[in-house]
Each structure stands twice: as C-alpha cells, then as structure tokens.
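Shared chain: chain A. Partners: chain B in the first complex, chain C in the second.
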Partner chain A sequence: MSLEQFKNRNVGTQNYKKLDLEHSPTCGWCQFKQVVSRTFKPELFVGLWVTLREMGNALFRGKMHTTQYPFEKLPISPRYRAIHDMLRLLESGHYRCIGCGLCEKICISNCISMDTRYDENQRKEVSEYTINFGRCIFCGYCAEVCPELAIVHGPRYETASEQRASFSLFEDMLTPIDKLNLQQEYDGFGAISSNADENIKKTPLAY
Partner chain B sequence: MEATILPEVTAAGVIIKAVLILAVISAIAGFGTFIERKILAFMQRRLGPMHVGPHGLLQLAADGIKLFTKEDIIPQHANKVVFAVAPAITAATAFIALAAVPVFPDFTIPFVDIYVPSIASDINVGILFVLGMMAAGLYGPLLAGMAQANKWGIIGSARTAIQFLSYEVITGLSILAPIMMVGSLSFVDFNNYQTDGLWMVVYQPVAFVLFIIAGFAETNRTPFDLLEHEAEVISGYATEYSGMRWGMFFIGEYANMITIGVIAAVVFLGGYNDFWIFPGWLMIIAKIAFSFFFMLWVRAAWPHVRPDQLMWLCWKVLMPLAVINVIITGIVMMLV
Partner chain C sequence: MSEVQTVENMVSITIDGVEYKAKEGEYILNAARANDVFIPAICYLTRCSPTLACRICLVEADGKQVYSCNAKVKEGMEITVSTPDILAERRAMMEVYDVNHPLQCGVCDQSGECELQNYTLELQVDSQSYSIQDTKREASDWSSVLHYDPGLCIVCERCTTVCKDMIGDAAIKTTSRGGEALDKSWKDNMPKDAYAMWNKLQKSVIAPSNGTGSTDCSDCGECVAVCPVGALVSKDFVYTSNAWDLKKIPATCAHCSSGCQIYYETKPASIEDRTEKIFRVTNEWNYVSLCGAGRFAYDFENNIEGKDEVAFASAVEAFKQAKVIHFNSVITNEEALMLQTLKEKLGVKLINREARAFQRFLNFYTQASGNSLYTLDFKEVMQSDFVMSVGTSLRNDNPNARYAFNNVQKMNKGAGLYFHPVGDTLVPTFGKTVESFVHQAGHEEAALLLIIDLFADKDKLSDSVKEQLDRDALITTLGGDADKFNAAFDKMMKKKEKFSLMVGEDLYFHEKAENLAKLIAVLEASSEVSVAMIPPKTNSLGVALICDLDDEADGFTIGYNESGDFKLSALGDGDLDMPAMNQQEGTLTNMHKRVTPTNAAVDYHGYELNDIMREVAVAPKETIDWTEHLPTAKGFKAVEFDSLPNGYLNDGTENRGYVLETTSIEVEEVSIEKFDKSRGLEGEIAYRCNPQRQFNDFSDKAHQIFEGFGLYASPAKAETLGSKVEVTFDMGSITLDVIVDDRMEGNIVAVPDFKSAENIYELFAESRYQTVTIREV
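After this line comes the complex of A and B, so read on.
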C-alpha cells in the first residue's frame, strides 16, 4: 500500500467495508424470528470450541503463556539498562576500568563517585568506585561514554535489597574472577535483541 | 427385570452412608475449587495454582487453613442470628438434597456385616424432595443478603429471589416430561427405565437442555451468576462474609453443582447402568465429572447476562418451551 492512499482523507472515495449489521426488528413476528435465528445459531458452541481448543493448545502443544517468574525469567533486551556491571579483560582478568573519570563527569544525577591513584607501575588504578543507586536514573550515559566498555548496564533488574550498598561497590559490580568465562560482552547502544527477527511484526496500518 | 433381594437397610448403614456422603462430597467440593481454578487457567493458557505442593495440589490445604483461621467478622448493624445461620442453610440444604440421590454404589462392610445402601434414604418422591431442598437453599443467600446491613447484600438477595424462584419453575416443568414418561418420582425407577432402552435425553432433548440451563441458574454458575457477580455487586449476598462462613456458601454451591450433575446423569443420561464395557459406577462418575467440567467450561467461554435478560430468558423463552414440551409429551403418550 503506497503512502498516497494513507494521505487520502477524502472519505467518499475510499473503499470502506461496511459492517453487515441488520436493522433491529420492529414487529413482534420479526423479533420472534430474530430470537429463533439467534437461538439456533451455533455461536455459543463456537465460543465453547474456542476455549477447548486453547486448552488443548496450552496443555499439549506447549502454548502455555505462564512464566513462573521467580524460577523462570523472560529473555531481556541487550538495551535494557539495569544495575551496572563492571567488566574484566578476558585475557588477563584485570578490570577494564582505566580510571579516566568520564563516567563520573557525565553522570547527570551525580551518583558516581570514584577515586584513583597511581600504582607501582605508574598505571591508574581505581581505589574507590561507588554508584549511589538512590540517585541513579539509569540513563546509560556512563556506559555510553566509557571508552573501554568497562562500565555497562547489566540485566539485574531485581533491585530490591536490604541495603543499597549491596549493589553499589565496585567489587559487587565487577564480574567475579571465577565467572570470567561467563562474562557477557556488551553489544553497545542501539544493539538489537538476539531474538529481534522473531519479534518483527507488520505495523497495524499494513493490515 | 428380575428383582434382586437386597439386604435390609439398618440405621447403622444409613448413618455410615450419611457420614460418607458428607465427608466425600465436602472433599470433592473442596477439590472442585482446585479443579475449577486449574481448568479455567488452562482454558486461558495459564498454569493456575502451582506453588503449594506438586502442581498446586496442596492449595486446598492452604485454602482450608486460611478459611479456618480467618477472623469471623459479624458487621455491627447486622442481624446477628440470621447472619450466623444463613451459611449453614446453604450448606445444609445442599447436603440434605444429596440424601435422596444415589451417589455411590451400595456395598457391605466386611466383618461387621453392615449393608450401606446407595441412597441414604430411598424415598418414593426422590426428585420432588431433591428439587424442594435445592429450592429451600435459596433462603441461604436471601437471608444472608438481607441480614448483613449492606447495600450490595440487599441487591444480591433481591437477585436471589428473582433468579432462584423463576428458574425453579423451569426446573420443575422441564423435569415433568421425563417424570410423565417414567411414571415415578424415584431415582431408582428413572435408572431402571433406562436400563434396556435408550437414554432419556434421546426422548427428551428439549427437557434436557432446559434442565441444564435451569441448573446453571439454580447453582448460581456463570452465565447466570448474578447473585455475587463481583463486577456489579462486590460479592452480592456474600459481601460481608469472611472465613468459614463464606466457605460454607462455597461448599454449598459446589455440592449443588454435584447434585445437579447427579440428577442430570440419572434422569437424562442413563444413570448408573452399565454401558458397553464400562461398569455402572464408572459411568455415573464419568457423567457427573463431565457435567462438572461442562459448568467450568461454560464459565470460561460465555459472558454472563443482565438480570433483565435473565428474566426475559426465563419467562418468555424457557417457560413456554417447557410447557409446550410437556404438552407434546402428553399428546404423544396418549396416542402411542
């Protein structure tokens, strides 16, 4: 369907499909006929069949919709911005953060605070790094600005905890060294989800 | 048909039977709530209760604990005696109705040699008694709604009055035609009538459909669940009830569903006769289970009606049909 057809606002010339509605009956006999025809239409049984079919689909064809949430989780888009992760270098296992301070600088809610010093090899090392999650608005600027892809947004959206400090220290966000092989690389901003192809649908206008 | 000599029915046997009915039907009614939640969930492609026990089976126990330990609230301005008695009426009439209905096959307890009959009391006006008891059950919701000093309760009890009273007419008239054919009011005679011939539903399809429709109204099930439809009247007659008093309404409703299932099975669907290779006890259980399932199925599929539509359906469609059916049955019986 081309764009011109959507721009045509002239009602009279368009191909509208009229609903096939009958007029409501006026005489008593017409009302009676309507009652009889509605009584013997199998529409009620169509409804019964639909629910039974869906039950069969759910039970035997694996079309059950329920996700048993605390035990199962739906896959989450790589663009999702939840609690931050601090990634490590895959070869050495050292954290990627070079202490440049760009994330602290760009943070619009001033929730990142970091402190750095020179180690014995005159390399920057992060001595302190916290994110105040009471203030963080999860805008994603820190991850966007990071030149080393060191700070990224992770998929941990369950942020209820007894203390905010449970998320906010550098060590807590850093990939555990023994789980380095499970570390997910960040696809970057604008990345599409892995199942994006399945989610593509026609826009309603095209129907 | 040769008459088999049955052992004498003793008082002990009847008491055992009564306790058995009470225990088993209460358990089934409780289990029915679980089945209902599961079936409705499956029809909506959900899983239903899953967490308590394997596939949520122990949800019943959790519900029971909750109902029994919940605070029993009686509202300040309620008529306290009537408010307290009303749930007992619903539950009691539902179980009294089951006294005259054949529920399980008869058996003899070994060693003590007590014969337990299949009907607690095989009275010769069985159908009248059961229908009367189910009709008397309307006092439960009626008094409950009027006693609780709550607007929604009043609306609920008003709806009880119109719905149960109107559909009592349909139930009676629809079952009148089979009664004319059998010439008896005893459930056993109904069963025996269908032993050799076809099921009653073949001779009386209209009466069967009318009876099922009226049964939905009598048991307050979904196309006609006006008494406690929560989108309109909070919970209708049960608005102010909590804990086990509310639970008794629930048990009464489910026991009534089973009673309707039994009547439909015995009067219209061949009763507990053997069918092909299946023994009678299995057939009656299958029939009752199907009508129970059908009630849940309908609840998942159909929307419910407005009170005025309910009345319209009752008095302008179903009652004329029932009367015509009775007349035609009478004419055919006279000619044949």
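After this line comes the complex of A and C, so read on.
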C-alpha cells in the first residue's frame, strides 16, 4: 500500500470561510457601549418568538421533533448487532434453521446450544435452541456463519428484563407467524453481497 | 512374533523419488500408508479385499498406470503418485461423485468427517462438467440399528466389503439403481477410468442381500463405521449430533474377551441436562472390527446422585465379616488385584466361575506344554491360512474369533474346520473350503484327536496318543463321512503354510478338561498347528492370572455384580453402588494376551472398590495406582497406567497397552487318557450360550440391544417346543420364552447366561452342556 495519502500534509487548500466578526472592544468605554447596546436590542424577543412559533407548530400543526421513546424508536443501522432474530422462509413460513450447528460451533463465548432429532418427515428438526444472553458478547459470528440466513441480529437493543430467559429461546427469537409479512430481509453481517449472482458458476443439469 | 519383519522379506521401492522399505507382497497403497505417504483412496479397506470401485488410488508404477490398492510392490519399483493424466482422472472421478449428490452437508450426520467432501476439496473441484438425471432413492431403516439413505450413497462398496470379508454375514450387496444409462458420448469425452467408474456407479445402489427391505445379520454396525459419507448411520444417532461436538474418549470395550479398541463419544445430554452422555461408539475400523454389543451397548452407566455414606459404612462392615467374594469377569485388572489383596490380608475366598474354569484349563495346558500362556494371539490367527475351531460357538462366544475365522477364508485363500455340537448355518458360508462337524456334545476329545491325526508328525507322538488315531473312525464318531471328508481335506491342504486352532469355553467347562489341555499341548508339540484360546468372559484371562480363585466356599458372601448376602453392584440394584465399566479407569487383559487401558467416559459420583480397600485393608490414592503392581511373575509389567498408549500406527501395528510376557519351563512327556466314546450326551440337551450382542448384564441394560433372555432354538426345534417352556435341570428348573435363532440348526437349545440374577451357572454346574427335560407351559 502506498503511503501517499498520509504524506500529504498540505491542509491549506481547503475552502475556509472567514466570519465577518467585529473586533473586540479594547477600551473601557467601548466595552460599556457594547454591553448597553446588546442589552437593549430586541433580539431577546426574536428568540422568544422562535420558541413560541415552534410550540405552535408542534401543538397545532403536528410538527413534533421529539421521539416518544419508548413508544417510538429511531431506526438503526442494519449492521447493528442486537438481540438475535430467527427468520422464517417467506413462502412456506417454516423456520429457516436447518440445525447444522455451525453457530453453536463458532460461538466464541460458547453460549449457543441446540438439540436436534430425526423427525417424522425424515428431516433434521431443531427440537430445542437457546442462547445464553448472560454470556453472549454480540460479536455477530453466528449470523455471519449461518448458511441459511436463519439466525441474524435484529434491532432489539433493549436487553433489560426480569429474566434473561425472556428472550433466549427459539420461539422468542422466531418471527411470529402472523407477522411474517413484516419480516425484513437481513442486510448486516453474513448477508449475501449484492453481486452474489455474478460470482457463481452454473452447474450443468440434465433436465 | 510375526510383527517383527526380518530384512529378507523387505523390498525397496521409490515413491516420488524418495526411497522407502516395504514388506514384500504388500499392496502399493498399504506400503505407502505404512511410510506416511499419502495416496488418495476411498473404497479400499485394510484387512479386506480391494473392490476397485472408486479407482481414485490410481498411480503410475514403472511407467504403467495401476490401482495402488491391488498392485503389489516389487523390488526397485518406481512409483509416481500424481501425473497430469492421473490428476485429470481423479478430478473427473470426484466430479462424477458430486453429480446429483444432495447439498445437505449442513445437516448430514457425517458433519465434516466426510471423505467425499475431503477429496472434493483435496482435488480442488470447483466446477462440474457432468450431469445426468437423478433417480429417486428413499431413505429406510434396514434393521433396529441401521439407517440407510441411498441418496447420499456413493456406492464405494466399503460396507458390502467389510460385511463379507470381515464380518462374514454378507448381508448387504450392490443392486440395480434403475437409473438412466449413461450417454454414449461421455465415453469419448471424459477420462477412461472415470467413465468406467461412473458407468458402474450409475447402475448401482446398496441393499440387503436377502431381497427384502431389512438385513438378516448380526447387527454389528461395522458398515456404519466404514461408510465414508453419511449414507449409513446408526438409527439411533441420525440427526442427533455433529461429529465435532463429540468428545472422543479412548477406551477398551468390556463386553467380551476381545477387548477391542473403541472411542466413547460424549457430549452434554441436552440443553436441560448438562451431564455428559455417550452418543455413539466408534472404532479405528481399518484395524479393528466391533460387534453389535461393542458398538451399540454403551449406555450401561450407573447413574447415582452422590455418595451414600450409610451404605458405604455397612459395606465396610460387610467386608470385615465376609468369608467369600463372588464376582464375575467384567472387572478390571486393578479391581481383580484388590480382591486378591483382600484374600491375602483377610483370608476371604474368591469365587469366579468362568475365570476359575479357564484358570484350571490354562494350568493344565502349562503343565503339559511348559508355556505359561497359549501360543497365538488372534491377529496371528488372522494371518494363518488354515484355521480350526473346537469347543466354541463361533457366532456367539467371541465375535472377533469369528471375524478371524471368516477373514482367513476370504483373504488368505484359506480353509477351515469347525467342530461344534450345535449346528450353525452361517459358518459354512464363510468359504468354499470350510468343513463343519456337528458332533455329539462331550466328544471334543475326538475333534482334537482328529486334528492331531491330520497334522501331527507321527514320530513325535507317544503311544498313548498314537493308538487312538484311527482317522476314519474318528470322522464317523464326529458325525462326518470319512470318504467325503478325506477327499475334501486333500483339497483344503493345497498351498497351506500356517495352521491355527481356536479353542473355547466348551473345553474349559468339561469333565475331561485336563485331557483336552494335554491334547492341545501334544498337538502343538508335534505339528505346525498353533493354538489360541478364547477366554470365556471379558477379563477372564486377567482374573485367572491375578487371582487365586477358589472352587467352593461357604459363609457370608459379598457379591460384586453377582448374587450375595451383601451386593456391590454397578447395575443400580445392589446394597452399594459401584461404577460401571464406562465410568472407570483401569486395564483389561484381552484374548490377544494384551493389557489394554480403558478410560472413564461418564461421570460417577459414588464410592468405588478402592475406597472400601482403604477402609478394610490398604489402598493407594487412585484405582489406577494399582496398575504398576500387577503381578510381574504372571507376565504383567510394572508400568504406570498413564504411560499406556491406546491406538494404532499407520501400518496397522497395534499400539495399545502391552503384551503379556510368556515364559516357558521344561516339561516331561504327558500321558493321554483314552477317549471314551460313550461319554457323549444323549437326549434333550441345553447349551449355556448367549445370543449375539449379549454378553452380560451391561449389554442387556443398553437400550439398543434387543436380544431377549429366553430359550434359543433352531426354527425346526422351536416349532416342536411351543412359545413358553419350562426347562428342568438336575439342579433346578427355569421357565423361558422360546426365541427362534434362524442360524441355529439341530436339536440342542441354548440357554443364555447374561443375566447374573438368573444363576444360570448354578443350573449348568461344571459343564456347558446338560441333559434337560423341556415341557411347554
């Protein structure tokens, strides 16, 4: 790597704009005059008017800028790593997790644990799944390693609760089936790149 | 020892420009493996015949392409592992294997231990050139323990090979897949060997060889062990755990006297229950083959909450007033040594029926032959080319003895003689030159005399033996046809060099045990036949060497996993709990005359025998501190437990524990008693014999073992008996359900002894055969 960008220490070419400021008063009389003129200017009322106007806007014209937390929340970056979500397949509604156990293996604080079994449909069923949030350090490896984009980091950053168990079970993290249409595709760590299609070779098919 | 190679039968070969030494007549692949040189290969199994299914082991030897798994090394041979042509072939083969292979690596039970995955990466397959329409293949259960998913199968035929060449069941075979035929154009457009391989692969799939959906076999699960992909999995294990989650604990199987190398694979039982649980048992399948008990009977641990101080105090009291300790052979050498120490310090008597019988027999043999131990181990039996068996139900007593008998037929172009009173339909199928004699119970001496007559140098025999050698009469006594056998025997003897004889429990529990032991000594002294003995139960050999056992005893009895006035038990039904074999460290002495270490796989929170020893006599800190004190006079070595290895080297050398030392003394000529034909048993006969996969209370406790406690009979006999019978012995009677064993033949019925609570040894007394009356109830 070239170090050009670090060696260029010429910062004088930027477009600084000088403010048109008065010189500070130097003599005692000059200072007295400045105090008197600032005191009796009507600028105080300009400020009061702005307040009054915004109050009117907020109260009568619906232009409130305050976020009503906890009833309202600001959107956060998709790369933020909060409490995990378990996503469902959009078509069938079945959970995406295939029980491969990679998240359990990669977890550096060893807080993911799962039980699997052979189910009636000859598939691998995740019979139990849990994350110990007392130990989770929200590193994001589980979401990154997940081959199915099944475990992802959600936007739920409030982790105060009476019990940690309240959000550590599979069902708690899983998208509720009635909110399937609201499920957002994950964009953070481990999501496929936007040019993924260009990077795959096609396998020949006989039919 | 055959393991030591002399310089004469080594040849030098060159692999990729480096010179190596190899055993003469060895396959190139094995020679390379022994020298730590990597040649890719999927379908080859050490100790089995090459199948040539995968063809990936293609190498260039002296300028010619050969398959390294079936081409033998020659002096001065120059081998190149990879040429551009061979690499193109291998890559094409891997691409072909990947055609239509389901992309379920994420859920597959092989979970990263997959050879298909490994070789696909090794040969850098990053694109696919071939395609063909897939055939629908449904997963199914072959038996109570086997699960087969043909979709994942790459038809390497390792399962069918091991089943035929090692196990001897030949219960599975390749069959037609019903897929589309390959397009002819591929023949010209792809490497030759890859095309041939694909052509075969596309046509085949594995299925039970009896034509039904389920296998008729001994459920050993060796096919599961050798499967390179996730196609064959034990039914209980399917989708329960990834291989990488399991902790491998090297151990020794404690079900029979084979003492096979195993790994207990454990992980926490579930999310709620974090105690370690055994999920499966695996083995080094290239060098050792397990039986169904070894592989599936692993969950017999004694789960207890903690130390029961009250029970412990009463156990200490019981030991102080004990006159007798009654135990069995499922015990480590260390515990046997503790019991022997108790005998020396407190004067208690030690009762162990099966080890006592074996001990007596070994002593007779030592007195007659001068050798402290029998001659062969079972590895050496496997290298012989004429194998015989007397006095053991090969299929039930010891699976490894059976595997050796079968392997000799399949691999060494061998011949076999099988003498047993209970007819068996499996043994004759091991090879074309296997002759089996179904003789009268009690006529074991005739079998040994016939063997002496067939193999001995007559000049070396004493008159007392010579006068009994009337070949045709002996053959007739043993139930054979003299003319037919003599003709067959001439064929069997062609090109044979190494002769071995296996003898078993029938001879130890025999009225004429002494005479039989002498006959064995005579046979060894006068012929090229060497003898291997099958200790009756797990550690019978160790117990026989360590303990000074008694025949009869009265008084207050402590039973260790056996009945007694105070019962120590690892089965959870005693007065004081003891750890089971999978919860203990220690060593076992197996039939290969080897002292092998085993480790604890599962937690145990209670007291062990060493704690009692500390209270009533002397004891070091740990049980394994006894290991170095095992009696060196009996062939044991004074080595620490922690220094004992437990594994195999790349060339197949067994590097487990140590081998017992055999000493010899000078002996005088022995006199042989005359064989009395009239001692053969007549009438209704019961034989003390366990079903396959059942050896003791522990195998019975395991959830994947389904063979019940009942009266085993051949299909024809079972029909005459009804469904439930009362069997009356001289010493008492027992009521049993009749269970059909379709590999049994004849009228003798088998009564199992694996449940110690049933006291079967009492019923049979000092013999394995008893005349009984059977009545339907």
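In this section, the second predicted complex is superposed on the first by the 122 of 207 C-alpha atoms of A that agree within 3 Å, B and C clash if a C-alpha of one lies under 4 Å from a C-alpha of the other, contacts with A are read in each partner's own complex, and residues count from 1 in each chain.
Quick note on the criterion: a contact is a pair of C-beta atoms (placed from the backbone, for glycine too) under 8 Å apart; a residue touches a chain by one contact, two chains touch by 3 or more.
Since we're looking at a predicted model, the values are computed, not measured.
Look at A:128: by the touch rule set out above, it reaches chain C but stays clear of chain B.
Contacts of A:99 after superposition on the shared chain: chain C is touched, whereas chain B is not. In the superposition on chain A, A:59 contacts chain B only, with no contact to chain C. Note on chain A: of its two partners chain C and chain B, the one contacting more of its residues is C.
By the touch criterion stated above, A:30 is placed in contact with neither chain B nor chain C. In the superposition on chain A, contact of A:147 is made with chain C only, not with chain B. Of the two partner chains placed around the shared chain by superposition, chain C is the only one that A:115 touches, whereas chain B remains out of contact. Of the two partner chains, neither chain B nor chain C is touched by A:90.
Per the touch definition, chain B reaches chain A in the complex via residues 39, 42-47, 50, 297-298, 300-302, 317. Those residues of chain A that touch chain C in the complex are listed here as 98-102, 104-105, 113-118, 122-125, 128, 130, 147-148, 201, 203-207.
Chain A makes touch with chain B in their complex at residues 35, 39, 44, 47-48, 50-52, 54-55, 57-59, 63-66, 68. Those residues of chain C that touch chain A in the shared complex are 106-107, 111, 126-133, 139, 238-242, 244-245, 268, 270-271.
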